[in-house]
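Report on the following structure.
Going in written order, the chains are labelled A, B and C, and every chain counts its residues from 1.
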Amino acid sequence: MFKKTHIKTLLASVLIGSMAAISTPAFATNEAMLDLLKILRDKGSISSEEYELLVNASKADKEKAEGAASEAKAAVKKATKDLPKINTKGKLEIKKGDNKFRIGGRLQADTTVGLGDVDFAGSEGGSPVTEFRRARMYLSGVLDKVWKFKFQYDFADDQSGATANTNGIKDAYIAYTGFKPVSITFGHHKTPMSIEELTSSKYITFIERSQFVNGIVADMGGGRQYAVTAKSHFADQVTLAGSYYIGSSNEDDAENTQGFVGRITWSPWHEKTRAFHLGFAYNHNNFGDGCGGGCIDAEPEVHPGADILEIESSDHKNADVWVAEASGVWGPFSAQWEYAAAEISDAATLPDLDATAWYIYGSYYLTGESRRYNWKGGSYKQTKVKNPFHKGGWGAWELALRYTSGEFDNSTAPVVDSEADVLTAGVNWYPSNNIRFSANYVDVLHANGPADAELAGDLSSQAVADAEEAEYFVLRGQWYF
Amino acid sequence: MFKKTHIKTLLASVLIGSMAAISTPAFATNEAMLDLLKILRDKGSISSEEYELLVNASKADKEKAEGAASEAKAAVKKATKDLPKINTKGKLEIKKGDNKFRIGGRLQADTTVGLGDVDFAGSEGGSPVTEFRRARMYLSGVLDKVWKFKFQYDFADDQSGATANTNGIKDAYIAYTGFKPVSITFGHHKTPMSIEELTSSKYITFIERSQFVNGIVADMGGGRQYAVTAKSHFADQVTLAGSYYIGSSNEDDAENTQGFVGRITWSPWHEKTRAFHLGFAYNHNNFGDGCGGGCIDAEPEVHPGADILEIESSDHKNADVWVAEASGVWGPFSAQWEYAAAEISDAATLPDLDATAWYIYGSYYLTGESRRYNWKGGSYKQTKVKNPFHKGGWGAWELALRYTSGEFDNSTAPVVDSEADVLTAGVNWYPSNNIRFSANYVDVLHANGPADAELAGDLSSQAVADAEEAEYFVLRGQWYF
Amino acid sequence: MFKKTHIKTLLASVLIGSMAAISTPAFATNEAMLDLLKILRDKGSISSEEYELLVNASKADKEKAEGAASEAKAAVKKATKDLPKINTKGKLEIKKGDNKFRIGGRLQADTTVGLGDVDFAGSEGGSPVTEFRRARMYLSGVLDKVWKFKFQYDFADDQSGATANTNGIKDAYIAYTGFKPVSITFGHHKTPMSIEELTSSKYITFIERSQFVNGIVADMGGGRQYAVTAKSHFADQVTLAGSYYIGSSNEDDAENTQGFVGRITWSPWHEKTRAFHLGFAYNHNNFGDGCGGGCIDAEPEVHPGADILEIESSDHKNADVWVAEASGVWGPFSAQWEYAAAEISDAATLPDLDATAWYIYGSYYLTGESRRYNWKGGSYKQTKVKNPFHKGGWGAWELALRYTSGEFDNSTAPVVDSEADVLTAGVNWYPSNNIRFSANYVDVLHANGPADAELAGDLSSQAVADAEEAEYFVLRGQWYF
């Protein structure tokens, strides 16, 4: 007699067993079924032979189910195993295993208008100078886990009379990162000197870095050099870096310059919206062939402007340079100050020459963003826009004001000692993270320096005697990734 | 007593229930089972406690089944979520979310042979000139949905005596596309002038654009300029575009040129194999420093040829330029005509100078393709090959014939008024969409112009007095993506 | 009466049926169920109507199951169908269907120190010359299955006084590969001449190729030329290649050079760790404008070194060149020898001039690797590092020694017949496949040649009279992908 309870047991078991089996295509099981069969056999509902048959059938089913499951798994695995991780969020990066490749570029298109009497390129009435200030492509990444590499070239079509080359090879190096936190970089890269110089031109607050401070830094072993650099950091507060360098691919002068730079930074706090930075760098420069024609030169905070501060000397053989840095972020407000001093020495008959310059600036995001401090690099990085324009927001808006002052000795006619003060006011609009439009107003408050036509550069006939009244208006459009 | 009907109900329910469950790993359900249990309980086949137990077991099963299903779903999702869309069909494009990146290049290798007496590069007997006419790499794409960007550089190793630079920065811009159908482009790009100029050099019918018309257009504010351009289209027929420009990165002359170009096009129909285009462009040019040495110059429809039409003037300050365009496609046949006129004016003591030029050409695809009109750009785009060579077809074969005529005033010794007519016959073989081989025969039918050796360019000693008999044969191989 | 056997049949069928169904989400079936229903109907356990109903229900279930299965399949397919194959193993390659794209670069940073009296760049005391010897980016790949393409540009900032350009367009071609094993290449590429020249600079054993042999090869139609080249191979042993060429983008001299090169190589065995190569190339050169200033010149096995062997002639019109090549690999040891001879002839009044040079070298991998011979190219390819540094190994270490000797006739004052012998010892460290650091010591054993200051190059004031005692130390860091 077949009893209801049997049926119920059967029913429950079948349900549970089949449900369980269904529920686990990936982990096929039929334990419940095997249990049920045992019960049915024990109760005599099925014979031992029938039991064996059913168990074998069940096992075959399980194998089939598992086969199908692993087939499905294999299909997904096959579909994914050859796939690198591709990051398109404001960059183009392809990553897999121990290797990573990144491709990118940067474009900065500038138009500079001289107000009042200031002319460019020999034309009257303040004809604007339009140029690609930077136009770069790069390949970078990681090879074999510990070797970071980069090659970046600047195709800028320098239309200004500026003496420094803006095009040519930029970052071009390989770095060993296997001794964490120490990294060792070989090739052409920035030596550790000046927070403003070390902050990428993509992220600097004004259209140009402070040209007086940067004139000293970039001409005296800072900026990109053929170099070997060791960097490290510790205690979540301090970074140390040192470079031995031997000339730059971007400088025509002083091919045989060699030197050593060391830098220490201290950042007691570096949170998302609050940061504080102190830095100090020292550099000793040896000029193989003398410091040269444009030993140090500085434009009035605009790229196409004529040099208004300059030291020329082919006689001086060495230089010592100091840079002191302070910077901080308090919510939307940030401030930055740097002081640079160079002593150019060891001329056979001439006295030593000093160049000093400093700047101070503040910036404020009307839209609530903060400048983002990169404590391990002792520099700033990309501003993250809170409400991007393409999502219906206003993007980020930033106002900034800078005062720069410099004083350069000189001893070679016709150039004389020069000093100048410049005020720059700027507004930046970041519709989204990787796009920025900037407008700067630059006012040469005071300039007492060389009026030498040759010094004033090829494209600019502006006599520096006029510079006391020079005012400029500069526009920039920028994208990068 | 256990009835057959019960069994049948049970059976049917189990079958349907389990089948349903099996069939939907992604949408696990056991409604049928719960219904069955209800029926069985209501009929007294199972007790209420047994019912509760079985319902709980069933629910647990369901949860398990759903867990497994969402696990499977998650595996697929995980495998796909980080994947951009990568397009490799004749291009390399990586796209994800609001961002798109494209990497590409173009290579055009030319060999030009002067027939008869025509020599290049000072050698006798018509030594060929071999050069990369264009050799470009670019990065382009979309950042944050509405911002189109591009940076393209031409590495061409210009081996000809042509006065226009062929290498350097080409497209380099950012464009805002958020106000559809209006787009606003900032940077270095082509101003809207001339259908032939606006058609990419990848797609033009002959190896060179009509040099007389193009001489006027490209030297007078057409081609790539530092510019701001607004474009729009409406009624599926009309496009409007206007640019304010301020010099070009590709022209050494006339650095301070500024001007405004406007263009309107009308295309009453633009289907796959039938299109009609009328266009009109007007440009006003202001030369800051006078129109310059090569104010307008034009080669005899081959790149290494010496200029045979030219206006030189550093005195004239302004120019007005008109271009009229007509083009059409009828199946494999297409025809195109352009007329360009420039009036160069405002010299202190010299009279105004006129340059006029026009061309007409027809092309015919032996293999049945059609030129493809891009109505929104008012230009032509890539020909799609019907039977590619690599798939056993013959590729596309195109025959074309062009007649060009130009007449330039001049007033500066030793250059005199010049006029010339040139016939060009061409054949193009497109083995597949992105590859093309071309042969052009160029015959200077008539040239009455400058015989000035300096004018004739650095590499070409061909006295233009000889040009009446000049014939050239040009070969090009091209790939791009 | 409902029998146990019925239940058992039912049970078994349900179990097997449902298991089978579960096990095959991708191939949903309910054959067993249909069989069961037939049995039950035949036995009268269910009525015909009930049977029809259940069969329909079962079929519906099957369709549902199949729907779910194909939905799952479609999800995986959708996730994978747009995916190209992306290879990041030491390269960046994106491949799909008939198209393949590759992006890459190469950086070689060199520092050369002149030991003893040898100066560079006019400075005293052996100031080092630091430069990027090669700094390249490229795009390459396959379009439409049979068309291989490449464009490669070298951004090197040549800081040496070497006469040959190192920057500019390198590989820039399209090749048809549809007639296997024959390939036909159009554009700028290496003509088939000299195993050392044809081996990529990424893989050569020393920092510089043997400059005397390479001077003859590269200046006489070898290296990269605008050319059409056909290549083939057969019998797993022999390769044949021939080029017609017409000048080079990388040479300023001899723009009008044209010629033909043919090469045959024989490799009776070419296994992983054992290879043997014999090669012979012949080239006939026609100089349109005479062989020119630096008809053939050769530096002392370092790039910034002044030329110590040179032929100058603008009178000779033709040259015939022979290169004989032998090379082999025996486990970690390899050896290579080449002999090149050029006869420069057809000057109106001057005698023919001969240049001959040869080198021999051996290399040994301390760490057990083998040089890898590429028999189809008749050249060498990348060394595979057995125990990479980033995986805890020592990388690959290679020692090498080379002896080079050359003798150049000359007939133009002030240059006289010149001869020189140079010994180079090198060590290479490959931390992993794509990274290499090299140190070379170069000793000019003997040099009797031109002491002409102009000949000695712009940056190097080293009088070649001093060259007898010249010794150099060179360091290179290299990455590529």
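Simple rule for what comes next: a residue touches a chain if its C-beta (ideal position, glycine included) is under 8 Å from a C-beta of that chain, and two chains touch if they have at least 3 such contacts.
Predicted model, so just to flag it, every value in this text is computed and none were measured.
**Student:** Quick one: superpose chain B on chain C by CA and send over the rotation angle as a multiple of 5°.
**Tutor:** 120
**Student:** Please state whether the interface between chain A and chain B is built from the same residues or different ones, using more than half shared residue numbers as the mark of same.
**Tutor:** Mostly different residues.
**Student:** Find the geometric centre of each of chain A and chain B from their Cα atoms only, then give the gap between the two centres in Å, rounded to an integer.
**Tutor:** Computed from C-alpha means, the inter-chain centre distance equals 32 Å.
**Student:** Could you list which residues of chain A touch at least two other chains?
**Tutor:** Touching at least two other chains: 2, 7, 14, 18, 22, 25, 72, 76, 79, 83, 103, 137.
**Student:** Using the touch definition from the top, list the residues of chain C that touch chain A in their complex.
**Tutor:** Residues of chain C touching chain A: 2-4, 7-8, 11-12, 14-16, 18-20, 22-27, 72-73, 76, 79-80, 83, 85-86, 88-90, 92, 103-105, 107, 109, 111, 121-123, 127-128, 130, 132, 135, 137, 155, 157, 159, 388-390, 431-435, 477, 479, 481.
**Student:** For the complex, which residues does chain C have touching chain B?
**Tutor:** By the definition above, chain C touches chain B via 2, 10, 14, 17-18, 21-22, 25, 28, 30, 33, 40, 45-46, 50, 53-54, 57-58, 61-62, 64-68, 71-72, 75-76, 78-79, 82-84, 86, 94-99, 101, 103, 137, 139, 141, 143-147, 149, 151, 153, 168-169, 172-174, 178, 186-188, 226, 246-247, 249, 255-256, 288-289.
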